[in-house]
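Common to both upcoming complexes is chain A, partnered first by chain B, then by chain C.
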Partner chain A sequence: MKDEITREDRVDALGGMGCKRKRVEDARFTQGKGKYVDDIKLPGMLFGDFVRSPYAHARIKSIDTSAALAVDGVVAVLTADDLRPLGLHWMPTLAGDKQMVLADGKVLFQGQEVAYVVARDRYIAADAVELVEVEYEDLPVLVDPFEALKSDVVLREDLVAEDGSLPDGAHGPRKHPNHIFTWEVGEKEATAQVIDSAEIVAEESMYYHRTHPCPLETCGCVASMDKVNGKLTLWGTFQAPHAIRTIVSLISGIEEHNIRVISPDIGGGFGNKVGAYAGYVCSVVASIVTGVSVKWIEDRMENLMTTAFARDYWMKGRISATPEGKITGLWCEVTADHGGFDACADPTKFPAGFMNICTGSYDIPTAYLAVDGVYTNKAPGGVSYRCSFRVTEAVYFIERMIEVLAIELNMDAAELRRINFIRKDQFPYQSALGWEYDSGDYHTAWDKALKAVDYDGLRAEQAQRVEEFKAGKTRKLMGVGLSFFTEIVGAGPVKNCDILGLGMFDSCEIRIHPTGSAIARLGTISQGQGHATTFAQILASEIGLPADSITIEEGDTDTAPYGLGTYGSRSTPVAGAATAMAGRKIRAKAQMIAAYLLEVHDDDVEFDVDRFAVKGAPEKFKTMKEIAFAAYNQAIPGIEPGLEAVSYYDPPNMTYPFGAYVCVMDIDVDTGVTDIRRFYALDDCGTRINPMIIEGQVHGGLTEALAVALGQEIAYDDMGNVKTGTLMDFFLPTAWEVPNYETDYTVTPSPHHPIGAKGVGESPHVGGVPCFSNAVNDAFRAFGLRHTNMPHDHWRIWKTANDLGLHG
Partner chain B sequence: MTDKMHIKMTVNGQAQEFLAEPRELLIHTLRERLDITGPHIGCETSHCGACTVTMNGKSVKSCTVFVAQANGSDVTTIEGLGTPDNLHVLQMAFKEHHGLQCGFCTPGMITRASKLLEENPSPTEEEVRFGMAGNLCRCTGYQNIVKSILAAAAEMNAAKEAAE
Partner chain C sequence: MIPAAFEYHRPKDMEGVLSVLAEHGDDARVLAGGHSLIPMMKLRMADVPHLIDLQDVGGLGGIDVADGTIRLGAMVTQAEIIAHEGLAKAAPILREASLQIADPQVRYMGTIGGNVANGDPGNDMPGLMQCLDATFTLVGADGERQIAAREFYQAAYMTAREDDEVLTGVSFTVPSGGYAYEKQKRKIGDYATAAAAVQITRDGETCSGAAIAMTNLSDTPIFSDAAGAALTGTQVTDSDIDAAVKAMLSDIDPTEDNRGPIEFKRHASAVILRRAIARAWSRA
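Right, the complex of A and B next:
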């Protein structure tokens, strides 16, 4: 009987890497038994709610809390004056700036937190919020970063010295009171020279509008101070629970071992839940003050208006080429609107994230990038919305510049990309702006994509459509959107990546139980990515125990090893690597145990799927299950009992996933309505751990890209009022607007990652946005359009058509 | 604050009786008063559908129903659709076809889909997309949700045919 089990059967039985394992998370989620932060209920728990500023810029003359305090059920109303003695009225931001927790004398954006009401239930809290009387004196509002850099209106008096001089910011000298930093990368003079003397130069200005990650679950927390034991427990929507623990400890003075941070199930993050928000600090303080637990949950409007915007980059580009289309230089200047406080979530040494990946997938010999951060009267944030630290902006920039250059050269944009791709033999490739691309095979991916969509056929159809349009036979134009992206994810090597001084390694700790099952804990936290499923698959392949016998646990700082969390597609590249490395430590010990049991030398046994067998005598073996038991019941000379391992993985480099996308879109010139007829997405994320989950990530990322490209924006009026504060105005596509996507792949493993994986969750968003946008722009190329800004909602597209004289 | 009202309703087959302010929202009644936390809150403005339940045979967004309006009603939530030992076909189909990621929209999605399939047992893909347009998902891009619902419909129809 035993002989009939083949090696393949044994591989299948593990449910390891590469299989479409069904998700272990789904049982609880499909039955309504997920445990999200708002599901937590503790005895006597109070509710916190904010009084928020209706003004974008105003001085606070007075706050009267008496009427609110008189409401039955209201326990406390906190203002900056209450937090000041604790030193908690301001808090540090992730970007080296500081931010008011509660308005300290003035407000800098609409929706800013002014007072925090604590009450018996959320209805009473909401009633009391209405009764807090705040007297404001409104100040001139700055919503345009270019104007802010010229204005006499000083937004941050706290950053101007008494003599009027400007002390350096966290990222060097500042040239105006509303200026935050200048970040320069590359060769300024050399690039200018190359471009100025080039035969072909294309220039374009583009605005990557402000938007918001808007996960379906808003941010929230429950703080519970146990005064008897001096222990604080903080549950919350944290994408980086360990970092939150350290931050809470640093700002509250509570020793880190007395703080337990728990991220329960999280209803999507997309970057929104990386930062530390006023709600967390106020809830902790309120729990300390009242001695009972306090819950704070944002409503949707608060979420859109205050926590974590993304993008808001004004970009100016120049790109030069030979007449044959070989790119010779790239220049990029960015004015970055950071809002009232610089709370961008980037590694410390990268104030504009990895914007310097803006040379994209192309072999560009000379380049220069300069980013200026600016304060305005908008909400702080600047998070990576489903992307790795400004990579979305970078990829959009270069993929638009390529299209504009193609127009300048009167060349096909697919061909222009092809002749400029970094060639396979050039990897590892040193980019002009300082990155070492680990691996890639762009030409193969591009050819596969173009073939799959019959690219030449599409162009022929498009040309015919233009003729028909000109002949008055149709009112619909056709756009072919292309994008080829290279992401940079998996931050990152501790030598250059840290957040608040914390190195961006990650971790995994494994315990094998005597009967051959296991638990592994990681420093990351899933927000829908399915870590409990996929990390068990990695381990199954590494340690030869079935994935179904491995529990994955994350998010509890009392039990999980320290790690920097989940964002920037870093879970697989960093924690996934830690998981494999910890697994290999288990295997190394298992090898010694197996050799002992088989009475041979360590080197005479080899790992084979789920066992160690004697080399050359595969019938002599010990399964990992048997080895696990032996680890607990045998006294093996020279080997400690037990079978556990921990790995802290400091990645030697980032990983560089890439992909080729094509979008075919029909546009009704008279209504501006877009119809996505086809979307093809080829992703290369290196080794594929679970194809089903990869596909799901691609569908989701593309849909968020569609949203951003076609309508989703956080818009302000001149007074700094948020115009898109509800889901009525803030575009989230429904099933009705979203197409079916075709997914495809190539596999170019990362050479430095233990299992060759690169991460995929954000690629489709990064590559998708320019693809949708290029389709819209491309539809009008035949009528002289070079560039039009996103979001391409129906009105803007109609306007583009109108400006081009297409309405007769 | 207003006077409390005497409310009676049936939730997942169980009779419930309590005093509540009429302005209390049904979603809070379910989640906070009755500890039925399957339905979620994503917006409180009727846009996202995370709070979807079935009330008197219709899909409703429970964030926009006052408990006063729900007085005397019969409410079913995700918790009333299946049990761990006897899952609803949709609950299995969503797992099988990867129709969920973070799971936050899932209870509302499945509850709405169950109603949709009662209203239209053999929907086309278009009909599913239209019928589900009141439920937002930020994670899946809907492709696998649609696939899950169509697969569940096919399975339910096959089971019905076999029984006949």
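Right, the complex of A and C next:
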């Protein structure tokens, strides 16, 4: 029997960083015991439901609510006219635009909120919605942003001055009534010159289709105004509860201390739950008016059709290189379809998010990016669906351009990447479009990935398959999809990152209890990422108390410190850093207490796993548990009682996770059916806090990448009708469609992050989409294909094959 | 996704069902597994003021394989079809097709009666029943009658069943020879982009009979007599299969939807039928 407790045992007992700690959340989630917003039931609670526009563009001639109001159980029907006196018929968007809460004279997209019915239960509300009579006069519909920029049809009359001139938008001058902004980065003339005079130039246009994050739980809220004490409590599916509190305060005039925002368990967000929606405003108003609480929960179609979409970027690229394949310049022009209102959720100074990460993992000396935002008759949104602020679009763009350049050069695409990677010794690396990449070791990761999949073997097999296909022996082609991505996450440094003026720091507050357990509260909010598990692990390692003795709490603005919430893979890079820093403050005080108790000088004790010990005399120590007790219960000269700390962390830079992915796919040329034979994903997210959670995040992100690449889209017809508004047509993959993923890693810690962690929640999505898409494109490379757009569903793949003459 | 208010009836016998139907006419509908009807009600595409639940009505269950005939009660679920060993031996195409319908959760609820009575061109069982030349039994105020599956379908959601009739079961002769149910779909839980049901009998090297039906390629299932005839008496060579496919293509009339344009559907249906014939022939 082992009689001595080793240092290793003590490390294991903590359950700190690096261990595969089981998720503490899962006990309730797997037993159906989670508490989501729709589980909240308050006495006398009413239900809200929307009358929505069937038209994509129409003037509203009249709204008759009388039949609805006559229904027993209907309490109120709100229209824009009811909200106008309160100044709440419009609301600010996160992108500096404004958006109608309820249709003010016209509608701009199918499904737009027109009236809000409040009733005793949701069944009565749904019936009454049918009885509200709205008279529409339809207007010409614009669903194509290029058309919109030429059209005489003005979508937003509110943004045109009386004399017909165009006032500046939130991001500068506008060149057409349907134009929102132009955002330019990099050197236009220099880039044009480099590319125009280059020997090798590849050009391609690509459309990154509109899609939707489609979290399992839709958006919703419960607003409860207590008229006695003047306090408003708002529960909801908020990825940024503090930001919502501030926004509610700013638009309602209720002082911030009288507003309490609570995010209960959230069933997936992926960016969809960052913005402010009409449902929140109407529920708050309805609760103030009626004096009772009001619940609003979207159904699936409402969620897909009206709450924040993702992507919808038309991208045109030019890339130049020497004949040997060294890239010399990159040009990227984007036409961004933002729908009827600009409700993107990007930091203020970045109207196209971090699209300027589009030089990717490559040392590209000269580059230029221009993005034009455009209004159309589609739903507003434009959130970062499992990606930080348009990084998916940027990485897709560069990873497709690399493939197209490889074709132009008649070169292997893996080799082309290798010779252009930013070298390890170039970090920190200043990119041509303005970012300082903190760290990376791309060559090592790439070599490891290619070796793991036997890349040369795959190419040989593919070449043989092409021969067999040409000889009529098979109807299946094989694609090898490559992608090497560099993410940019952890927004962000307050000096250049804010949303609506709110700086994008984050926070952690820790209280150690006398008996040596603790509670830590953060400004972030988990939507499935497992924060309660991982943040406790960070703290366990920092303060020497077991992770199992640390409660992590998020999402209640009355108790949690101010923070900007969870999206854009920012929780670990920002709040995780705040957690470590707060932990270090605890440790600093604990050191003084330990020294006092051990009767030595502060500098003569050192931290060791779960204790402070006298230097050189490890048998003389005080455990953190003992120190915690002493902190509260022993009078120590010159030291206040208690053991608490708070840290607000303003990151000095973003973090730059990266990875190397390979997908092997077989494609049935006759049916367009794809079969993913193998998917290998190497991620470098810096320091790894919990390998099991990382693996889970990678699986989830890859699955959403598969969805987007192979079929998931929000499609509109010419009349602006949503064609994919249910899960019958909107592709949500199940276990059946998902391949086995092989995960791998390298570790390149972030040099500026307290624990070296970089974030991983979005990497697999960012890197996965181009990997799946490249596999499809690659399968047809031998037959002359340069590029075909996503989503690669059966009929589009079939069409690609058909256009290439592969059906005889 | 909340249906309009409705009255829920749960009679204990067929008499009770028929009397509610008689009283409310087309304001009443029977409910089997509900996995087609309830979504339509929630989308408010079906307005059903009176819903008659069949689950307590006796005599609508059971799988019988006897005397060369197979009889399935209307309330037999797809899961029961899959699980039934005797049925799998006698008519293996039923299990093969059922396993391609939706997912296990839906299959525990969805019934053969609901699937064939629904009239949705996307349902897989109607084409299969036409392939097997099944007979449907209907009961109404005037008693029982029989109608061939091949005569039953008129247009999308329009069948030969009168509003006041209930389908009590399907029956067909135990099939012989080779079989295949081949279906292309976008994902689990999806209706067919194209599907083919094929039964082939063989006499030495020669095909002695073939029945072919297609799903979701017109506003009804398509039993292609000509396609079957094109194979009968041949040795099922590539050119014979070509002829069958050609015949099938002139019988179907697909429309464009999110699964793809007409051109693609015609191509895919040809591929699917080819594969189905090849597999069925290899099993014959």
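The definition used in the following text is that the second predicted complex is superposed on the first by the 805 of 808 C-alpha atoms of A that agree within 3 Å, B and C clash if a C-alpha of one lies under 4 Å from a C-alpha of the other, contacts with A are read in each partner's own complex, and residues count from 1 in each chain.
Criterion: a residue touches a chain if its C-beta (ideal position, glycine included) is under 8 Å from a C-beta of that chain, and two chains touch if they have at least 3 such contacts.
On a predicted model such as this, the values are computed, not experimentally measured, just so you know.
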For this session: Pick one for A:Glu25: touches chain B only (first), chain C only (second), both, or neither.
Result: first
Exercise. Looking at the overlay, does A:Arg300 come into contact with chain B only (first), chain C only (second), both, or neither?
Worked result: both
For this session: Please indicate which partner A:Arg423 is in contact with in the superposed arrangement: first for chain B, second for chain C, both, or neither.
Result: neither
Exercise. First (chain B), second (chain C), both or neither: which does A:Arg84 touch?
Worked result: neither
Exercise. Once the shared chain is lined up, is A:Tyr123 touching chain B (first), chain C (second), both, or neither of them?
Worked result: both
Problem set entry | First, second, both or neither for A:Asp670, with chain B first and chain C second | second
For this session: Identify the partner contact of A:His807: answer first if only chain B is touched, second if only chain C is, both if each is, neither if none is.
Result: second
Seminar exercise, completed: The answer to whether chain B or chain C touches more of chain A is B
Exercise. Which partner does A:Met728 contact after superposing on A: first (chain B), second (chain C), both, neither?
Worked result: both
Exercise. Looking at the overlay, does A:His257 come into contact with chain B only (first), chain C only (second), both, or neither?
Worked result: neither
Exercise. Is there a shared patch on chain A that both chain B and chain C touch, and which residues make it up?
Worked result: 122-123, 127, 299-300, 728, 734, 736
Exercise. What residues on chain A touch chain B, complex-wise?
Worked result: 22-23, 25-34, 36, 38-39, 41, 72, 121-123, 127, 214-218, 265-268, 270, 297, 299-300, 527-530, 692-693, 695-697, 699-704, 726-728, 732, 734-736, 738, 740-741
Exercise. Along chain B, where are the residues that touch chain A in the complex?
Worked result: 1, 21, 23-24, 28, 31-32, 35-45, 47-48, 50, 77-79, 82, 84, 87, 91-92, 94-96, 98, 100-107, 110, 128-130, 132-146
Problem set entry | For the chain A and chain C complex, residues of the former touching the latter | 122-123, 126-127, 130, 299-301, 670-673, 711, 715, 723-724, 728-729, 731, 733-734, 736-737, 793-795, 798-799, 802, 807
Seminar exercise, completed: Touching chain A in the complex, chain C uses residues 1-2, 4-5, 44, 103, 184, 186-191, 193, 258-261, 263-264, 267-268, 271-272
